[in-house]
Every structure is written in C-alpha cells, then in structure tokens.
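You will see chain A twice below: alongside chain B first, and alongside chain C after that.
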Partner chain A sequence: MATEKTPPPLPGGGLAPRGPLAGHLAKAAMLALSAGIAAWAAWPLYEARNWIGLGLVAAVTGLVWWVYLSERRVPAKYLLPGLLLLTAFQVVPVVYTVATSATNHGDGHRGTKEEAIARIEASSVTRTADGREFALTIAAEGDSPSGELVFLLAGEDGEVYAGDAEGLTPLPGARTGPTGRVLDADGYTPLTAAQANGRGAEVSGLAVPTGDGAGIRAQGLSAAYEGRAARVYDDGCDCITDSETGTVYTADDERGVFAADGGERLSQGWRVGVGADNYARIAADPGIASAFLSILGWNTAFAAGTTLGVFVLGLAVALALHTPDRLRGRTLYRLLLVLPYAMPAFAMMLLWRDMFNADFGLVNRVLGTDTDWLGGTGTARAVALTVNIWLGFPYMFLICTGALQAIPRELVQAARLDGAGARQAFRHVTLPLLMVAVAPVLIATFAFNFNNFNAIWLTTEGGPFPPDSPTAGSTDLLITYTYRLAFGGQGAEYGYAAAVSVLIFLIVTLISYAGLRKSASLEEVNR
Partner chain B sequence: MRLRTPGTTPSPLSRRAGAPAGAAALLLAAAACGGGGGGETAAQGSLTIWSDPERAEVLEPFAMEFGEANGVEVKVEALPADDLQGDFVTAHEAGSGPDIVVGAHDWIGNLVQNGAIEPVRLPEGAEADYDPAAIDAVTYQGQVYGVPYAMESLLLLRNTELAPDAPATMEELVETGKAAKEDGKAKEALALQVGQTGDPFHLQPLYTSAGGYLFGTDGDGDPDPSDLGVGTDASVEAMERIAELGEEGEGVLKRSIDADNAPSLFEGGDVPYYVTGPWALAGAKDAGIDYAVSPVPGFEGAEEAAPFLGVQAFFVAAGSGNKVLAEEFAVNGVGAPELASALYEADPRPPALIEVSETYQESDPDLAAMREALESAVPMPVIPEMSAIWDPFGKAQAAVIGGEDPASAVAAAEKAVSEQIG
Partner chain C sequence: MAATARPARRPARRTLDRLWRHALLLAVTAFALFPIVFVVSAALDPLGTLSGSQPLPVRVGPDNFERLLTETAYPRWYLNSLLLAVCNAAATVLLSALAAYAFSRFRFTGRRVGLYGLLVIQMFPQFLAIVAIYLMFSAVTELRPEIGFDTHWGLLLVYLGGALSINTWLMKGFFDTVPAELDEAARVDGASHAQLFFRILLPLVAPVLAIVGLLVFISTVNEFVMASVFLRDGDSKTVALGLYAMVADRRDADFGMFAAGTLLLALPVLAVFWYLQRHIAEGLTSGAVKG
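On to the complex of A and B.
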C-alpha cells in the first residue's frame, strides 16, 4: 500500500495498518462504529431541530474519517482521540462554566421569558366569586373523536351544557350517569381518557367564556370550574397587570423579573445574561473580602499539609517495607496498608467524624480526654488533616513503592561503597531519583486536595463557626465556603456558583503551573 | 435507618447530600443544553409519577388501578428522597420531568418560582374532607398547589421505663431527665439533635415557646420575608432561654448530639426523652423500647411550643405532557381513602384525610398522640426565602448552645440571612 510519496515513518508510524487484512478490518470496524455513534447521536438532535449540535456531530465524525482514512497524518492519528476526549471532558465544561457565570441561571431564573409568562398567568387563575362547578365530559363534535373539542358540562342544578370557545349552549337531551357526568349526547363523541390526554394542549387551552373575562376550565378529566386569570401579560407595555389589585409588573430584561414600581416582584423569573455582575458581586461582598484571605491561607495549608503528610507517611512506610532482606508477611503488610484506600472514603469520613464526637466518640474514650475536637479551631483543623492523611497515604505508599523498585539498588550500593552513610545515600541518591517520578503526583495531590470538598464537608462541615460569622468556618476550604454561598442561601444560584468556580479554577491553575515549573527544573537537575 | 422525612428541611443529612446533588444538577443541566432539550412528545396516554422509594412501592398498585380504569399506562419511578426536589426541578428545566411528583409542602415556594408545578383546584366540597391545616400548608399566594395526603410534626418520645409520665413543661422534662442521668439509668437527659452546625427544625418548638419567630405573615397568609424574626429582641430573648438548657447551663442540649447518634441513644435505652418525628417510631418499635408519644412541651409560663408542620402532597408538574391525566389523578385518584390508608400503613404519619385519620385513631394510640402534637404545629414556611434561614440560624443556635453570647450570635445570623434575602 505504501507509495513512494510516503514520508519517512514517524515514531510509531510503523504500527499503522499497512497491509495485513486484520488491520484493515479493524480500521473499517472502528470507522463504522464512529459512523454508528454519529447516527445514534444525530437522530435526537434532528428531532429537536438542534442544527448546531447536528453540525458538531457531522464535523467531528468527518474529522475522524478524514484523519484515519488517509495514509498520511500519522501524528494526528495518535493525537486525535486524546484531543477529542480533552475537548469533551475538560475544555467544554470549562467553557460552559464560564458561559454560565455570565448569566443569572439559578432557582427562579431557569427558563425563558415565555415560560415565565405562561406560568404566571396559569398560576393566577382563581375561582370566580360565585364559583360554579361542573361535572365534565370531554368530547368531540360530530361522530369522530378528532372533531372539534367540546366540554359537556353538567351543573349542580342538573342543567347540561355544551361549551366551546364560543360559549355555553344548553343541551337538554343529554343522558347523565350516576356521578352526574354526561354519558353521551347526540352529535357529540365522548373521548376516552387516552384520547383526551392526547389532545391535552387543547384541553388545557380551552376556557369556555362566560363573560367578564371568566371562563370554564377543565380540572382533570371529570371536573370543570369557572375561573378567571387575575394576571394577564400585555405585549404592548411588556408588562403583567393584576386585575385584582391593579398592580402593574413591568418586565426587567436585565434582571429577568417582572417588578412593580414599589419594588415588589413576581417570583417566576427567567434566565438572562448579566455580564460580569456575578464577579462584581463577589468583589463587592464585604463578607467575602474579609473571609477570603484567611480561608485561602487555611486552604493552602490544608492542601500542602495533606500532600506533605501523605508523602512523608507513605514514603516512610514504603521505605520500611522496601528492604532487600526477606520480610515475613510483606504482602500482608502491604495489603493492610492499602485498606484505608480500598474502603469507601465517604463512609470512612463519617465514621471518623463520629469517633471525634466530644461526648460519645471513641477518641475521647480511648484517650480518657474530654476534648471538644470539632468545636475548637485548632483541634478541628487537626482532625480534618488527620482524617485526610489517613485516607490518602496508602495511595502515596503505592506510588513510592513502585518508584523505589524502579531505582536500581546498585546506585545506592555504589554510594555506600564511596563512603556515604545510609542517610546520605537516601538524601542524595534515592530521594532525587524518587522525586522525578513522584513530583507530578504530588502536584496532582495538592491540586486535588485544594478542592477536596468531601474531606471537609463530611467531617467538620467547615466548622467550627465563630459566633460572629455563620458563613465562614475555621476549616472551610474555598470550595466548601463557596458551595455554601451559592447553594446554602436562596436555593441554587448556578450563575454565581460558576463565577466563583472560575476564580478557584484560576487560583489552582496558577498554583499548579508554578508547581509544574518547579518539577520540570527538578528533572533538569537529574539529567 | 430513616432520619428524616423526604426532604422537608435541609437536615444535616440532606445538606451533606446536597453537594453531589448540586454537581449532578449542573451536569444534567449541561446535558440538557447539549441535547437541545425537550424533544419528548407525549404518548397518547401515559402517566409518570416520581416519588421516594418507600412511597413508590405503596403507590404502584393504586397507580396501576388508575391506569386500568382510564385505559392508560402509568409508571411509578422511585428516586432518592434527598435529591427528589432538585432532580425534579432540573428535569423540568430540561423538559424531561414526570407528570406528578410526590413531596413535601415546603418545596412549593421553590417549585413555583421555577414554574415547575401547577395549581390544583380541588372540587369545592372536597377541601372539607382534608384537615384544614393541611390545606393551609399547601396554599401559597392564594392557590392550592398540592393534594395533601399525610401530615407530620415533631413530637416527644419518652422511654416509659425512665420517664413514665408525659412532661407538661420543659422544666419538668429537664428535672426528670437529669434525675435519670444522675441515677445512672440514662447517659443523657434528652436526645434533641443539634450537631456542630445546629438544627433550627428540631429547635423550633423551644424557640417558639420562648417567644421567637422566623417570619411574620403577609396579606395572603403566607410568611412575609420583609418581616424577619431572626435578630429581633424576641429572638435574642428566646435564644437566651435556650442557652439556659445548653452546655454551660443545664447541659440538656448539646452539640455532640446529632442526627446520627440521637436515634441510637433512644433506641439503646440511654435517654428518657427524644424530640423527633413520626419517622422515628418504627426504629423505637424495632428496638423494643417501651415508648409513649406526647407533644413537645414548652417552657413554663411561656408560649405554646409550635413545631413545624410538614405536609406530604402530590404535585402536578407544569411541564407535563399529560396534564389532563395528571390533574385527574391528583384530584380524583389521590383523594381516595384507600390510598391514604395504604400510605398510612406503610409509614404511620397522620393522614390528611380526616375520615381516614379518625378511623385509624381508634386502634392506634400513637396516632392520637401525633394528632395532638399536630394541633400546635404551624406550617413550615413555603417561601423560597426560608432556605436562607437554615444554615446561618442553625449555626447561631449551635454557638449559643455551646455557650456563646446569644445577642452577637443572633445578630450575625440576622446579617447573613438579610444579605441572602436582599
């Protein structure tokens, strides 16, 4: 297959299918699979008339085929899967978060303006003062169930009417059943429950006018009531008027609410773009400004302390088990050490929290103390760190064990022959070599623990809280603090939460960048 | 172990579970946008009901019967109770929600502001069949938004071996409880969950008895967010009275007692009194404790203790593609006494239908006592602003019980709540 034009093989290029039938078949199968996935994704998008989504699916599939059908573009063949996954699971969420942070998306502002108007009007329908009620039969005009929709209404006084968009017509010849509902009437076809439900939009939309803005509406399949919508939207003034109180609520498209002159607003709002308002709100909040630095300080200390703690403990244990001598039960020790890592962290954290309970906890009982562990700043921070290190060190133990085994023992032996002590050999030979492998993991551990929501939320919940500050606790991380800000108060505020997330993302990015620079320089030293 | 009812309040448990739920909601919202949302078309007749797993089981046969009677397909889907409200709102936003959801009345404010539910017009005579307090609880901005089926409030469980008589006042309770503790018969005098972050739901009877309130009342009879009771002199005085029972006072209220260990204290026979709800009865029964139920007492010479009233109800989803069937089920299916009876037998909480409640009361002394406790209960505020109260006020209560100054703790809570409400 290879032509003369083929460029010199790139590293790994030799692995590209080049002749054997099996390779071609595998390639064809994979491409068919990608086409299948595209078709599977396209249909619902087409049904929803989502042309942008459809275009995206087509573009990605086209790209895949373009890259893999060619004999060239070998680097792209290796990069594409990773890039696609990176885009789907890293870039898109970040972009989506940033986009959300520029809206007021959250409870009370979830839908569109049209939806809000529809809900406001529907929720304002109340029974009229004399409030007539009817037993209802939903029917269609004529002999076919697809005829024009009609309500057959039997009043409390025994009078029977047919009601449609024109109004009520008396219907003397109808037969009614024991529940008072009309069973059948000449010229009308009663609908079954399924048929009526199938025309649900028409049923909900029909209000048989009875004058003065009132109408008879269906409530389910078998009852109807006379009611009036107190609040009506007017396109001209872009406002909603409440006919009962006379209040006019004008649309405020910047905040996504209908508000009256007095500041009173209707609870149903809609989603609008608010630009940088969420960020301005963070900057302007005096509570955040005063709490931010102390939380950031503890947050950094927590992440650094955890990283250091798990590394030191994990390495110490790994070193202890990494001896050239035969150690009886080494596998058992390793198994036991990995246990905390193997158990669900969720349950472990709750268990630890209960063990530190001041009155009923195991810790106080064993130590014979009376310490309010979770009630004091210092002790609560110690608890959070202890629990997190206990949960985290087995992982570091595994990493260190692997890294230690990869370092040739000859190097240490050579150092010892040259007269280095055990400590010196470790300090100058083992540790630097170890760091090359472990440093990136340490940075990842730091970044992960910087945002380790569960470790705090399931143990201290951010507490203890100073009596003068119920929003910022002594063990709060930025992520738990902002979670409380965004979801603890007025329901969910996704826009605001997204803005805070973007800020935390920037902080972690900066720290990780600095850390990676540092670890790169570490590798240089060892080269 | 059931610690709380399906999502009435953000208990420490549900608040904890809120984190993944919030994240899941974000993801779902993202998925919804990606998918273009709401392409689902209604089949000619199918009704989907969302409920917590326990109730889903009970509902199933009734839903099937309704489906057969009307020639339509009915599905009952069980969702975790703690996430039910959030999942419902997110699904509504994505256009893929159910037709009916079963939940607590204090969701109404949030569901209405998100346009997720529709008012329900019960037939005129039908309202009288329900306990007026239940109808009152599901009424918001002058509209009935749900069909109630069960009611609940906090009550006092007592271990009759340790405390034979129902205490008439909090002082009496403290005296008997402390005596039991000093005699070595009990580990603690009272199990009332406070935890490190406080619990305004469980402290509400004491707080109201001591003269505190959360919100005033507006013209509609709804709670008025512009009249915030937290931070008033009355609230500080109430917290001072509560502080007397705290760790620096009588030592009856403690932060070390939380949602996890309170039930085990009572079920282990280690505490004479336990302030909890109907959801704890099954556990006490299973543990073989001889217990009796009575209302939570108030302080001597003070106001009556008014715990929160929680009402479980069926809501019709505004986004339903089968609204006609959903309304029919809510108005005529749910009101059937047989369903209320079955729900009561599965989970004994006072039924909202008076007739059913009275039938069972004759054979079940617990129910009579629960209904007595309900008499002084006041519906939990439905307004969305209520969610701003739980967290800061709870922490103020925990601080006060731990011995901090009530005035400054309440002032800090007031500031945090006001900032949220805006």
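On to the complex of A and C.
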C-alpha cells in the first residue's frame, strides 16, 4: 500500500532517533511475539507434514515482518491485525461458501470418490460363516488420543493384533484384561468410551482388510468380526458389483453417484462440481421458486417493518423527551426505556415466545383470550414484528436522542422566527438534519434484520407451516429457510443452501447499496 | 438547557404539551416494561413454572436463584460469558480503532475498496460460513487443541474476525471530527504516528470507544449460533447456551430458573450501561453529524 501522506523524512535520515526507547522496545516485543506464535503454529504442522499449512504460516509471518520492519507502509501497520483476522474468519468462509454453491455437497456427497468407495465397501461387509470374532479395543497410534485410529484385536485363540486400513500386524507384547480385551500396548493410546464415541464415524468406517475381499469391522465399541464385503469396486469398469444381487452400479462422475441401469442409486456418493445447477434449481423448480418469492416478500416486509417500527417509536419518545423545559421524571423515563436493550436478547426472545404460548402463555391469560398466536400466519407475523420492535427501539431512541441534541437549537429557532410553525420547522429543518445522522443506522438496521436469524428462530421457528409446504414456514426468513435446508432434519444440502446464501447476499447488498447512495455517508468516503 | 428566544408560552398550551409527552412516554414505557416485569415475577415465584406464572409477583422467594446457583453450572457459564465478552470487546475496540485511524488519517490505494468491502462483507449470511469455519477448526483442533473446539480462544478468534465492521465506520466518522491541525501540531513537536494515535487521538475519541465496546459486549453475551458449534463441553458453555438448553429440554418446570438466569445476566450489561451512559448518545452520533 503506497501512502500519499507519510510524514516528511526527518533530517539526518535513518540515523536520527525516531522515537523514545519504549516504542522500539514495544515493536521488538511484538515482532518477537509474532515469531513465537509462528513457531508454535508451525511445529504441529511440521509433525503432520502439512507443507501447505507451513507455507501459509511462513507467508503470514513474512508479511507481518515486511510491514512492521519498514519505515513506510504506515496505514498497513494499523490495518494488518484486523485484516488478517477478517480474511481468515470472514473472507475465507465466504469464498468457501461461494465455491460450495457450485457443488452437490451435502449428506451422501461429502468426501472424495475414494472415500465413498471405501465406505460403500465397508458398510456392505457381512459376517461370513467361518469369520473370526475379536475382543476390540479402540486405540490411537502414538501418544495422543487424536492419532491415527487403530483396532487392537484379541482373538479367541489369544492372538493379539493391531489392525488399521493397511491390514493386521501381530502385537505379541500387549497386555490383556480379564474380558480378553487389550488394556494397553506399546506405541498405542487406548481411547476412552467418550473419545471413541467422538470418532464414531471413523470407527464404523474402518475395515481392516484380511485379504481375499474379507475384512474386520467393529461391532459396537468392544467387539469386532471378520466378514466379506458384498459390494466390491472394480477399477476396470469404474463400477461396484453387488455379489449377492448381482447388480452393477456404474460411477456417474457428473452427479457423484453410483447408479444401476434401472436408475437405482447407492446412497453414498461423492462431492462433484455441478456448475450453476443449484442456481438453476431455484429458478426452474416452480415449488422452490414460489416458496423463495413468497419468503422474499415477507422477509423484505419484516426488515422494512422492523426498521420503520423502531425508527418511529424511537424517534417519538426521543422527541417527547427533547424539550427545553425539563420534563418531570426525565431520567427515570430514559433509564426504563433503554431497559429492553440491556436485557439479554436471546433470552427475551424465548420469553416472548412463551408469553404468546397458546396454552399457558401470559398474553392469553392477561387478555382473557384463547388465541393461538403462533399458529396463524397473520398473528405469528405480528408477534415476530412486535418482539423485534421491542428489542430494537431503545437503540434507535438513543441514536435519535443523540442526533437531536447535536442539531443546533439556533437553527430551529431561526426557522420559527421566520414564521414557520412547529410542525413546519420539524419537517423542513429538524427531520432532514436528523436523517443525515440516522440514515446510515437505518440502512444497517435494515440489513441486519434482513438476516436476523435469532429473531425468527427463537420465537416462531419459521412456523406456522402450511400443510402443503413443510419446509417453508409463513414467518420464515430466507436465512432460516436456508438454515433448515443446510442443517435441519433429513438430507442436508449444503451446496443448495450455499447457493441460496449467495442470492441472499446479492439481494441485501443491492438494497443496501441503493440506500447508501441516497445517504450522505457516501461523501464521507470520498473526502 | 438553553433558554428559548420565544416569549413564554401560555400556561394552558404548555400543560397540554406536557400532557401528550407524558401520555406517549408512559405508553411506550409500559410496552418496554411489560415482559421485564414478567421476568422479574417469574424469577421471584418459588413455584417456578411457566403455566403458574403471573404478570405481577404474588409469591416471593429466592428459590429459583438458589437452585440456579447450586443445581446448575450457571456460575461457571456466567464467568465464561463475561470473560469472552470482555476480551472480545476490548480486542475489537483496539483492532477497530487502529483500522479507523488508518482510514481516517491516511490516503492509500485500496482505501475506498476497503471501506466498502467492510460494509459488503457484513451483508453475507454468516451462519453458512459455519460450515467452512467448522472444517477449518476441525483441522486446528487436531493440530493445536489449545485453540480448537471447546476452547474460548478459538471462539474468540472467530469473533475477532468480525472486529472490523460497521463499528470501524462509526469510529472513522468520529476520528474525522478531530481536526487535522491537531495532527500537524503534534508532528511538528516530533510525535511519531504511533504516539499521535495512542497519546493524542485515542483519548479524544473515548466516547466512541465506549459505545463500540458496549455494543460488542452486548452482542457477545447474546451470541448463540457460533458458540453452539464451538463449545460442546459442559464446562466451557456460555450463559446463552446453558439457558437455551434449560428451556429447550424442560421448558415448563425450569422456567423460574430461566427467568432468574436472564435477570442475573442483565446485571453486568446494566452496570456497564449506567457507567457509560453519558458517553453513549455522544458516541453514537457525533461522528455522523457535523455541527
């Protein structure tokens, strides 16, 4: 980054003292710290032979030193710490999401083709008639419980083996317990039940090959048996043959699945690029397209309604308190009005939800009604808006109070002296000046509420759901709808959810950009 | 308050004016307080059930608070939440102020793009980024469990990824209001850019530092989605996770404890709020309005 406004060089060039000793010491300490962190991060990467990771650590550390050792690049010195974190935890995830939106990533399409094949073969292992049985100890290679997964197997004949994806190795020195299970063995760390559970997917995915298509699989966490894979992959035809039924499943590299001639697919597939298919699906499927549009409509109304609601309510109370004559109880009003802002929002959302509960909610008891507030589209939407306005208006009240106080009183007085009524003075003097200050906040409020996941998830959970659309509820925002697609219930579809996210991103950015253009804050940037 | 230039208003009109102000303020205050009174009454009610709760306290006892502090890990969650919120607020204020200083005082290539970029990246629905962050930290947990899942360090790092945000804009606006002549004077006196920043500018923008700190503190205490991915271990949980689990599992029975936990969590926020309150109005708007 080239600076145009660096300080003029001091006379004496590089030899002149450039600051007190403390500054130099602080700088030296920071650079030493960055080197320390780099070494700390590099060691396990080196142990894992992760050269890409090591390269990254070296590059980032190099960048830090390059920026801070130089006398120039002053703005970069101030921006770098925040920018590094921003890049790692915001930019990279966004880029990753955009990349995911062009794949079929989701349940059944997570890993590579090799992993899919291994999993299909392993899960088709059934116990053979003469298959051996073993007492199983799940362990990790090395001294750490996070090492490579290994099965320590004790056979009925007393033979002990270590088994991994490569095969069996005899383990003569292992100690076995009264149940016949291996207690410990040199070079391995037995896992506790909790640790083993935590790596459950690995445990059930591991099949120790014993030759001739047979393998050993875990049955639970303490037993294992030898069996034969019913489904076997053949490189030659790029297909999987089921030896029991004789069905041949051929790999479809475009869709990432093994499919039989009849169209039947194996549930385990792999991740492939699908180009713009996810986007095309939103546009092409009439069910999805109409759900998307109706959600978008309510979503916009929710964000706009919240913004308008908090602004009107916040401004109204700010105006009521903004008077030259001291209002009685002014400080108390102020304190009570900001209380909702100080309460923990997530808890208050859950609490409002319970207050509107049809069976034992407070609202029904106070009003003496029997309304199923969250059960009807109209009432549920009203509840969502009410709760959100309750949460948001104190902030807007604070903003408006500050903005009103910043407007010079002389301006209003001058207008009044020129013959403007109170209302006219407000409309033509106070309001425009107020908007200059408040407009950016309003835009931020809109953008925030457009994606206000908690406000819906913790109150209505997107419901009520019309009988004909179990996935798109009538208070769903695009983001809660996407969340359900990505993580909820059966069949997570990250690829598709990522595509919807990218669309949401474009929509919010466009709306906010249109708003920003009208606000004065743009000029700030160009100053 | 400055006296008005207008002649004194007629008493009748003045009374009317006060009347509508009070009426409006009372109505909105009632709306603001309604659920809060309910929380207080539920927290104090020894029965502690949702179905038995009343709008105003009829039975009063400390039972819910006692159960909360002895039967659950609430004190631990509380400490975790406060620790995370304080660290995140302090670090965010520092990182954001550093960046705001650069944006306000220097002209460099990429400045405009950077400022807009900060706004645009906020618009991205963050939660899907969870998939990416989850994958990243699965790898980190294997290599360096010290900053992996179930640690507050890892979560703090992720939170700090959002340190540069709309807050940076807020701060930049505030820095802009500090006259550039001040910088010149300091430089003539031989101050380096770092001295200028730490010794002269930072104290001048204290109000906006306070407000950003408060905003970040509140949002960290409330943060839920990312924490639920990161902190799976009981000991590392935050209050948000603990309370949510409380009403998710046995909503009716533990309602009183939930309300008590909510009230206790509001206390530090209120304290900070009270302490900072004279800075708040100033900090929120001075950057945006040029007097």
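As a convention for this text, the second predicted complex is superposed on the first by the 308 of 527 C-alpha atoms of A that agree within 3 Å, B and C clash if a C-alpha of one lies under 4 Å from a C-alpha of the other, contacts with A are read in each partner's own complex, and residues count from 1 in each chain.
In the analysis below, a contact is a pair of C-beta atoms (placed from the backbone, for glycine too) under 8 Å apart; a residue touches a chain by one contact, two chains touch by 3 or more.
Quick caveat: nothing in here was measured; it's all calculated off a predicted structure.
When the two complexes are overlaid on their common chain A, residue A:299 makes contact with neither chain B nor chain C.
In the superposition on chain A, A:388 contacts neither chain B nor chain C. In the superposition on chain A, contact of A:475 is made with neither chain B nor chain C. Of the two partner chains placed by the overlay, chain B and chain C both lie in contact with A:357. With both structures placed on the common chain, the touch criterion links A:337 to chain C but leaves chain B unconnected. Using the contact criterion defined above for the overlaid structures, shared-chain residue A:449 touches neither chain B nor chain C, since it reaches no partner. Greater residue coverage of chain A by touch, when chain B is weighed against chain C, goes to C.
Of the two partner chains, chain B is the only one touched by A:111; chain C is not. In the overlay built on the shared chain, the residue A:48 is in contact with chain B and with chain C. Using the contact criterion defined above for the overlaid structures, shared-chain residue A:96 touches chain B and also reaches chain C.
Counting contacts by the rule stated earlier, residues 44-45, 48, 50, 53, 93, 96, 350, 354, 357, 359-360, 453-454, 483, 494, 497 of chain A appear in both its interface with chain B and its interface with chain C.
The residues of chain C lying in touch with chain A in their complex are 1-6, 14, 17-18, 20-22, 24-25, 28-29, 31-33, 35-36, 38-39, 50-51, 53, 55, 95-96, 98-99, 101-102, 105-112, 114-116, 119-133, 135-136, 141-145, 157-158, 160-164, 166, 168-169, 172-173, 176, 187, 192-195, 197, 218, 221-222, 224-225, 239-240, 243-244, 247, 251-252, 255, 258-259, 261-262, 265-266, 269-270, 273, 280-286, 288-289, 291. Chain A contributes residues 1-5, 7, 18-19, 23, 40-41, 44-45, 48, 50, 53, 74-76, 78-79, 81-83, 85-86, 88-94, 96-97, 100, 146, 313, 316-317, 320-321, 323-328, 333, 336-348, 350-352, 354-355, 357, 359-360, 362, 365-366, 390, 393-394, 398-399, 401-403, 405-409, 413, 416-417, 433, 436-438, 440-441, 444, 447, 451, 453-454, 478-479, 482-483, 486, 494, 497-498, 501, 504-505, 508-509, 512, 516, 521, 524-527 to its touches with chain C in the complex.
Within the complex formed with chain A, the residues of chain B that make contact are 12, 15-16, 18-19, 22, 25-26, 29-30, 33-39, 42, 44-45, 70-72, 86, 89, 92-93, 109-110, 112-115, 118-121, 123-124, 141-143, 188, 196-197, 254-258, 260-261, 318, 321-325, 327-332, 384-385, 387-388, 390-393, 395-396, 398-400, 402, 404-405, 408-409, 411-413, 416, 419-422. Residues of chain A touching chain B in their complex: 44-45, 47-50, 53, 93, 96, 105, 107-108, 110-111, 115-116, 118-119, 122-123, 125-127, 131, 133, 138, 192-198, 200, 203-204, 218-223, 225, 227, 267-269, 285, 287, 350, 354, 357-361, 372, 374-375, 453-454, 457-458, 460-461, 463-465, 467-471, 483-484, 487-492, 494, 497.
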